[in-house]
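Worksheet: one structure, shown below.
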Amino acid sequence: MSDKKVLKLGIPKGSLQDATIALFERAGWRIYASGRSYFPTIDDTEIECMLVRAQEMARYVEQGHLDAGLTGHDWVLENQTDVEYVTSLTYSKASRQKVKWVLAVPEDSPFHKPEDLAGMTIATELVEFTKRYFAGKNIPVKVEFSWGATEVKPPMLADAIVEVTETGSSLRANRLRIIETLMESETQFIANKDSYADAWKKEKIDSLALMLNGAIAAQGQVGLMLNVGKANLDAVLGVLPALNSPTVSQLSDPEWVALNTILEESLVRDVIPKLKAAGATGIVEYPLSKVVL
Amino acid sequence: MSDKKVLKLGIPKGSLQDATIALFERAGWRIYASGRSYFPTIDDTEIECMLVRAQEMARYVEQGHLDAGLTGHDWVLENQTDVEYVTSLTYSKASRQKVKWVLAVPEDSPFHKPEDLAGMTIATELVEFTKRYFAGKNIPVKVEFSWGATEVKPPMLADAIVEVTETGSSLRANRLRIIETLMESETQFIANKDSYADAWKKEKIDSLALMLNGAIAAQGQVGLMLNVGKANLDAVLGVLPALNSPTVSQLSDPEWVALNTILEESLVRDVIPKLKAAGATGIVEYPLSKVVL
Amino acid sequence: MSDKKVLKLGIPKGSLQDATIALFERAGWRIYASGRSYFPTIDDTEIECMLVRAQEMARYVEQGHLDAGLTGHDWVLENQTDVEYVTSLTYSKASRQKVKWVLAVPEDSPFHKPEDLAGMTIATELVEFTKRYFAGKNIPVKVEFSWGATEVKPPMLADAIVEVTETGSSLRANRLRIIETLMESETQFIANKDSYADAWKKEKIDSLALMLNGAIAAQGQVGLMLNVGKANLDAVLGVLPALNSPTVSQLSDPEWVALNTILEESLVRDVIPKLKAAGATGIVEYPLSKVVL
Amino acid sequence: MSDKKVLKLGIPKGSLQDATIALFERAGWRIYASGRSYFPTIDDTEIECMLVRAQEMARYVEQGHLDAGLTGHDWVLENQTDVEYVTSLTYSKASRQKVKWVLAVPEDSPFHKPEDLAGMTIATELVEFTKRYFAGKNIPVKVEFSWGATEVKPPMLADAIVEVTETGSSLRANRLRIIETLMESETQFIANKDSYADAWKKEKIDSLALMLNGAIAAQGQVGLMLNVGKANLDAVLGVLPALNSPTVSQLSDPEWVALNTILEESLVRDVIPKLKAAGATGIVEYPLSKVVL
Amino acid sequence: MSDKKVLKLGIPKGSLQDATIALFERAGWRIYASGRSYFPTIDDTEIECMLVRAQEMARYVEQGHLDAGLTGHDWVLENQTDVEYVTSLTYSKASRQKVKWVLAVPEDSPFHKPEDLAGMTIATELVEFTKRYFAGKNIPVKVEFSWGATEVKPPMLADAIVEVTETGSSLRANRLRIIETLMESETQFIANKDSYADAWKKEKIDSLALMLNGAIAAQGQVGLMLNVGKANLDAVLGVLPALNSPTVSQLSDPEWVALNTILEESLVRDVIPKLKAAGATGIVEYPLSKVVL
Amino acid sequence: MSDKKVLKLGIPKGSLQDATIALFERAGWRIYASGRSYFPTIDDTEIECMLVRAQEMARYVEQGHLDAGLTGHDWVLENQTDVEYVTSLTYSKASRQKVKWVLAVPEDSPFHKPEDLAGMTIATELVEFTKRYFAGKNIPVKVEFSWGATEVKPPMLADAIVEVTETGSSLRANRLRIIETLMESETQFIANKDSYADAWKKEKIDSLALMLNGAIAAQGQVGLMLNVGKANLDAVLGVLPALNSPTVSQLSDPEWVALNTILEESLVRDVIPKLKAAGATGIVEYPLSKVVL
C-alpha cells in the first residue's frame, strides 16, 4: 500500500446490493459494479469497495480486512464480532422496516413456547445465534444449518425453524405459526475499531454516514412552498407539523409572506387540503434530494 | 361492515389502470395491485379499492356498490346512470386529450352524413348510446355489438362503425372516413349520490379530487427561480405570463430581488431566452410534484 | 416550400440518437422517432427533423440540405466541410468526455512513433483524415477503410489502426498500445453558413443552443437551500465555492437568513459536512432541470 | 372477386390466436400475423385469412362473410348460428381439454341448485345462452353482461355467475362453489353451409381438417423402433398396446426382425421397461410431425 | 504456427452471424461467440474462426489471411477479389432468397432508365461496383458512399440509389421506384486459391460444404413413412413426386409393404390427402436433421 | 399416508433445477414447479416431488424423509451419508462434464502443494470434506465456511480455497492457480437403503433410472438411414463405428438394402462424407428422443 489514505469499504453482495448502490448514488457516490467483478469502482479515490456477503461482512470488518461495511445487525450478532456501530440505516421508510428473526412452528403443531421444543430439531440459517438462545434458556435442541427454503421444512424436515420475516406473509403461506421473536434487526454501517480510532478514517466514515442519512431522510420528505397573507399566517402555521419550523420570508407586498418548509411525504395528502382551507395560496410541492437538519 | 368510516373506490381495470395507479401515487396514495387480485391494497385505512372495468364502473357506483370511481364520461352516458360528477381528470396535458366517439365509414363509400346510413348495419362497442343517437334522428339502422377490432370491420363485416379515437390515425390506417362526431369524453371522478351527501365521505372524496388535480397540474408545470436587478424588474415581469404572479423577495443587496414562479412547461423554451435578454441572471428551472393554486 | 419559416435540423442516427433525443426533451423539445422512419416529428412547428448518420451530417449541412445538425468534430474534419460551429455540447459531465482518435499498434510490435509505420497498412474508419495526417508528415502508408471491429485487426489484418477511444479500455483489451493521439473530438452543434446569416434562423439556432446548454448545465448541478444565523454567515459563505454567489434572503427572525445556491453535484458530498460544521441548519438539496446563469 | 378460387378463413383473435397459428404451422401452413393487421398473410394462394374474435366467428361464418373458421362450441351456441361442424380440434392432449361453462356461487352462500337463484342477479359473458337456460327451467333471474373479471363479482356485484373454467382453480381461488355445469365446449372447425356445399371449397376445407388433425395427433404420439429375435417376438408384441399394429420387417439376419410402431407418448415410460424385459434391443424413440392413420 | 493443420475460417459478423452459427450447429459444428470477442471458439481443433464483416471477407480471403469464409457474392464483386467459389448456400428455403441490388429513384421522378441519370448523384454502399456499372455504360454520374439509411435519401440527399432488396417492401415504403436490377447475390462459401490447392485444406473445406448443404437440405424436407397393400402400391407411388424414389421394404404380411421417403415440406399438405385417398395407411411424417442424397 | 404406493422424490433446487425438470420431461415425466411452491406437481400419481437444495438432499434421503433424489456426489461425501447409489447421470454430453473440487491459491503465492498450507486459512463451501482431507494428511489448517464468491477471497480474505470448477476459467479469471484436485463429482440418483429394499419402490426407482438414462443417451446420438447397393455394403459398414450394429433390411430391388443405425452426434460430420464416398445414397439423419440399447 502507498501512503495514500484509502478507506476499504464492504458493500453487501446479494439482495441488498442494488439498493445499497442506489443509496450511495443518492448520497453522492457512484459505484460501478460490472458483471462478475467483486471489486466495484467508485468515483472517490479515497475509497476502495469490495462486494462481500452480508453474512461475512462483520467478520472481515472485525479482522480489519475492511475498514467499514454495511450489514444487518443479525449477522453481527451471529458472528459475535466486536465492531463499531456507526449508524443504523433504514434505507427507505416506504419499503424497508426492521426485520425480525422468529421461532415458528407448524400451525397445527403442539408447540406453543420455546420450552415445548426440548429434544426437537430446529432448522435455521442463523445457527450460532439460535444455539446460544436456547442454551441461555437451558432448552436442549438440535440446531441444523438450512441452506435455504427454511420455511417449507416443517413438519417434514424439521420440527421448528428460526427464520427472518418482514411481514410474516411467507410464514403464513407455509402455514407456520410464530411463537417467539428472537431478535429485531436493521442494516448497520459498521467500522473496524482501529480504523475508527484513526482520525482521517473516522472523518471519512462520519461524512459517509452523514450523507447516507441525508439521502435516506430526503426519500420520505418533500419541500413545500406557499404564499399566505399575514392575517392567515397563524392559521396556516397551525396546520403544519410542529417538528420543522418553516422558513418565512417577506414578499414585496408587505401584507404577504412566503413559507418554505419540509414535510413528511405521507402527511402531504392531509396537510394540503387543510392549508388551502386555512387561506394558503400558490401551494407547491417539490422533490428533495438530501435533507440534513 | 364495522363503524369504521371507509370509502369504497373503483379503479378502472385495463388500459387506464397503470396510469391511474401512477396518478394516485403522485397525488399521495400508493395502490398495490398484485397479480391477479381485483382488490388492490392502498396505504390509507379509510379507503378500500376494487378494480372494475371502466364500462361497468358507473353502473356499480350508481347502485351504491362503490362510493366513488374513475371512468370515462362515455360509459356514464352508455349506461345512462345517475351519478355525481366530482371532477374531470385530464391525466396529463402531454399524453391525454379528450377522446371522441365518431361515426366512420369506408373512405370510398357513398355515405356522407348519418342519414345516408338508413337501413345499414353499424358495429360499435357503445350499443345503447348509438341506438339512442340514431333513434333521436329517426334514422332506422341495425346496431351490432362489436367485441373489438371494430375499425377493421367495414366494409366486409359492417357498413359503418361508431368508434373511439384520439387522433384519428387508426381510422385513417384502416381507410375509414369520419362523417360525424357523436360525443367527446374524458375521464371523470364520479360518486354515488347518497355517498356524496354523507359529510365524511364528501370530505374524503373532495380531498382526493383536490390532490389528484394537484398532481395533474404539477405535470405540465415547472418552477422557475431567477435574480434580477430592480432596474430590470419591469422588463423581466413583462416577459412572464400574466396568469401566475411571481413571488418577489428582497435579497440582501438592496438593488436585487429574487423571483420564484410557476410556468407552463411548454412555455419555458420561449421564456428563458427572453428572460435572459431582459436582464435576468441565475435562471434555474426545477421540477414540481404538486401545484394547488 | 411555403413561406412558413422552418429550420431543417439533423439529429445523429445511431449511438448518439437516444442521448440526443433525451437531451432535447430536457431542453424543452419532444422528438418522436417512431420505428423505422428517418423523419421524426417534433413538437415545434418551426423545426423539421431528419435522422442522419453522424458521419454524413457535416456534408449535408455544408451543402444546405440541412440548416443545422449535431455531429462530432471528428467527422467535420474527416469531410473537410466548411460549416459554422455554434456551440460544443458535452452531453453530460458524468458519462461523456471528449473522445480521442489515436494511432495504436500491437503491444509487442516494434512500432513506437508514426514514422515507424512507413510502408505499413493502417486500418481506420477515418480514412481521409488519416491520409492527410500521414501525408503532412511525409510518411508513406497504406490506409484501408475498416467497416468495423477495427481494434481486432492488428496484427493479423493490419499493422496499425487509427481508432476512437474514450478510456482506452477496448484498446487494452485487444492488447494494443497507443503511440500517438491524432485528434480530440466532442459533439458540435453546427450550422450552414448561409442559414446562420439569416436573422430568423440564427435566432432559432441560438435559442436551441441556449436551452440545450441550459439542460446540460442542470445535469451536473443541484440546488441547495439552508438557513444560517447571521453570526455564522461568513463561515458558511466561506465553505461555498466562489463561483456562484448565493441568493441571501432575510427571514422573519432578524437574526437569521436563508441561502439558496447552485452547486456542482460532485462537490455536495464534501460541502454539506462542512456547511453543517460551520453552523448551517435545515440543509436541503433539490434537483434542477435547467440552469442558465 | 376474380374467378380464382379462394377460401375465406377466420382465425380466432385473442387467447387462441398464437396456438392456432402454431397448429397451422405444424399442419403445413404458415400464417404471418404482423403487428396490428387483422388480415394475416398465409403461404397458400387459395386461402385468405382474417382475425376475428371467437365470440363473433360463428355469426360471420353463418352470414357467409367467411367460408370457414375456428371458434368454440360455446360461442356457436350463444349466437344460435346455423353452421356446418367440420371437426372438433383438441389442440393438444397435454394442455387443452374441454372447457366447461358452470353456474357458480359464493362458497358460503345459501344457493345449492339453479332453482335457488330465482329473483337473483347473474353476471356472465354468455348472456343469451344463460337466459335460454334459465327460461327453459322457468326460473326467473336477471342476467347482466359482464365485461370481464366475472369471478370476482360475487357476492358484492352479483349473486351468481356463469363462467368458463378448465380446472376450476380460478373459481376456487375466488371462493366460489360450482352448483351446475351448463355446457361443455371445445374448439370447432366450422363452415358456412353454402360454402361446404361447393365441391372445391369442401375439398379444401376437408384437406385442412385432415392435416390439422394429423398435426394434433402427432403431438401426443411418438415413433418407436426396436429389434427383436423371433423367439421373443410374441412377448414383445404382447407388451405393445393393441391399437396400432406395428410394422414388422425382416432383417438380414433371418432370426431377427425390426419393429416400427406409433405409441401414445404418455405410455412410453411404462412400455419401454417392459419391452426391454421382454427381450427387445436397440429401442429408439423418435419424434413425429404428423400422424394420419 | 505449429505443424498442426488448421483451417482459418471467416464467419460473417453482423446480420448473418446468428444464422451462420445456427447453420454450423445443424451441420455438426458448435461455434461459441462470446460477447465481444471476434475469435469465437469452435468444437473442432482443426478450425480457427474469426468474425469478419461480410464487406471485408473476400479481401482477407484473397490475401490469405483467411483460408475460407462466408460472404455475399455482391461483396466479392465489389472488392473485385480473385477467390475460389466452393458452393453457394441458401440458408433456408423459407426465409432466405437471393437478394438483388437495384437502381431506384423517387416514384414521381422523371428518371426511367439508367441513362436518365447522367450528371446526377447516386448514393450507395456499393461504390466501386456502381462506378464500374455506369462507366461500362458510359453514363457520367457522381457516386457517393452512403453510411446507411440509403433508401431515405432521395430526393433530398441524392437523386437515385443503388440498394439491396429482398422483397422491395422497404423501397416501396420510401416511395422509390426500381428502374434496373444491377446484380443478384446469394451467400457464397469462398476459399483462398492457394488454400484450395492444398489437399488437406481442400478436403476439410469440401467436408464443410457437404455438411452445410446437408443441413440446409434437411430444413425444407421431411421424412414420410406409410404402409400400403400391394394392390394400391402403384396408385400410391403415382402420388409421390418422382424426384426421390422411396425405399420400399417388405413387411411380414406378404401382401403389404412399407414405404419410407423424403419429401419437400411444402408439398406435404397436398400429398398426404392424396396418399390417403390412394389407399395408404399409417402415414407418419417425421423431422430430418440432414439430407445428403 | 394411505395404502397407496408413493415414491417421495427429491428434485435439486437451484442451478440444476431447470435442467432436471427438462431431463424428466424428456424421460417421460412432466414436473410443474409453480412459482414459490417447493412441492411441484408431477403427472404420475405414484410420485410426490419436493424441491430440496442439493447440499441437503443426501441428508434427507439417508434419514428417509425422501425415498430417492438427485444430487452431486460431492454433497453425498460432504455429509458422509449412507445411501444407495442407483446410477450416475451425466445430463448431457455437450454441456455437462464431471466437476472437480480443487485446492487453489493465488498465482503468485509461494504455495505449491497442500503441505505448504500448514497454518493457513482455507475458505470453502465444502467445510467437512476439506477438514477431513487435510486431517488425513496431518496438515493443520483453518477451514472457514464461505457463503459464496469464494474465488475472489484470496489473498485478501483467505490464503487458499477449495472450490468447484468445470473448466477452470473462473479460477484463471481471478488469477488463482490449482495445486491439487481433491475430488471429481457428477450428479447421482441416490436412494434410501430401506426404500431400495422395498420391491415396489425398487422397481419404480429402476424404471426412472432406465428412462432418465434413455433420455440422456438420446441427446448425444442421432438416427441415420441410408441405402446402399450390395456391392458397396461392406465398404459402407466399414465406415460405421463398430459399437452399434446397424439394422439392415432388404429393399424391393434385390440389389439394394437399407441401413438404419444410431450414431454419436459428434461423429456425424466425419462419417457422412465417408459414407458418401463409400457409395451410400439417400443418407438421412433424424433426431432421437430416447435410446435404450
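As written, the chains take the letters A, B, C, D, E and F, and residue 1 is the first residue of each chain.
FYI, contacts are C-beta pairs under 8 Å (C-beta built on N, C-alpha and C of every residue); 3 or more make two chains touch, one makes a residue touch a chain.
By chain, with names taken from UniProt: A, B, C, D, E, F = ATP phosphoribosyltransferase.
Remember, it's a predicted structure, so these values are computed and weren't measured experimentally.
Common neighbours of chain B and chain F under the contact definition above: A, D.
Taking the definition of touch as given, a chain qualifies here only if it contacts chain B and chain E alike; those chains are C, D. Chain centres computed from CA atoms place A at the largest separation from chain E. At the far end from chain C, in terms of centres built from Cα atoms, lies D. If you compare A-F with B-C, the chain pair joined by more contacting C-beta pairs is B-C. Averaging C-alpha coordinates per chain places the centre of chain A 39 Å away from that of chain B. Distance from the chain C centre to the chain F centre is 54 Å, each centre being the mean of its Cα atoms.
Taking each chain's centre as the average of its CA atoms, chain B and chain D sit 43 Å apart. Along chain F, residues 249-250, 286-287 each make contact with two or more other chains.
Contacting chain pairs in the structure are A-B, A-C, A-F, B-C, B-D, C-E, D-E, D-F, E-F. Residue ranges of chain C in contact with chain B, taken from their complex: 27-30, 43, 206-207, 210-211, 214, 218, 223, 244, 247-250, 257, 260, 262, 286-293.
Against chain E, the residues of chain C that register as touching in their complex are 13, 36, 38-39, 50-53, 55-56, 60, 65, 146-149, 152, 156-157, 173.
By the touch criterion given at the top, residues 94, 222, 225, 227, 249-252, 258, 265-266, 268-270, 272-273, 276, 281-287 of chain F touch chain E in their complex.
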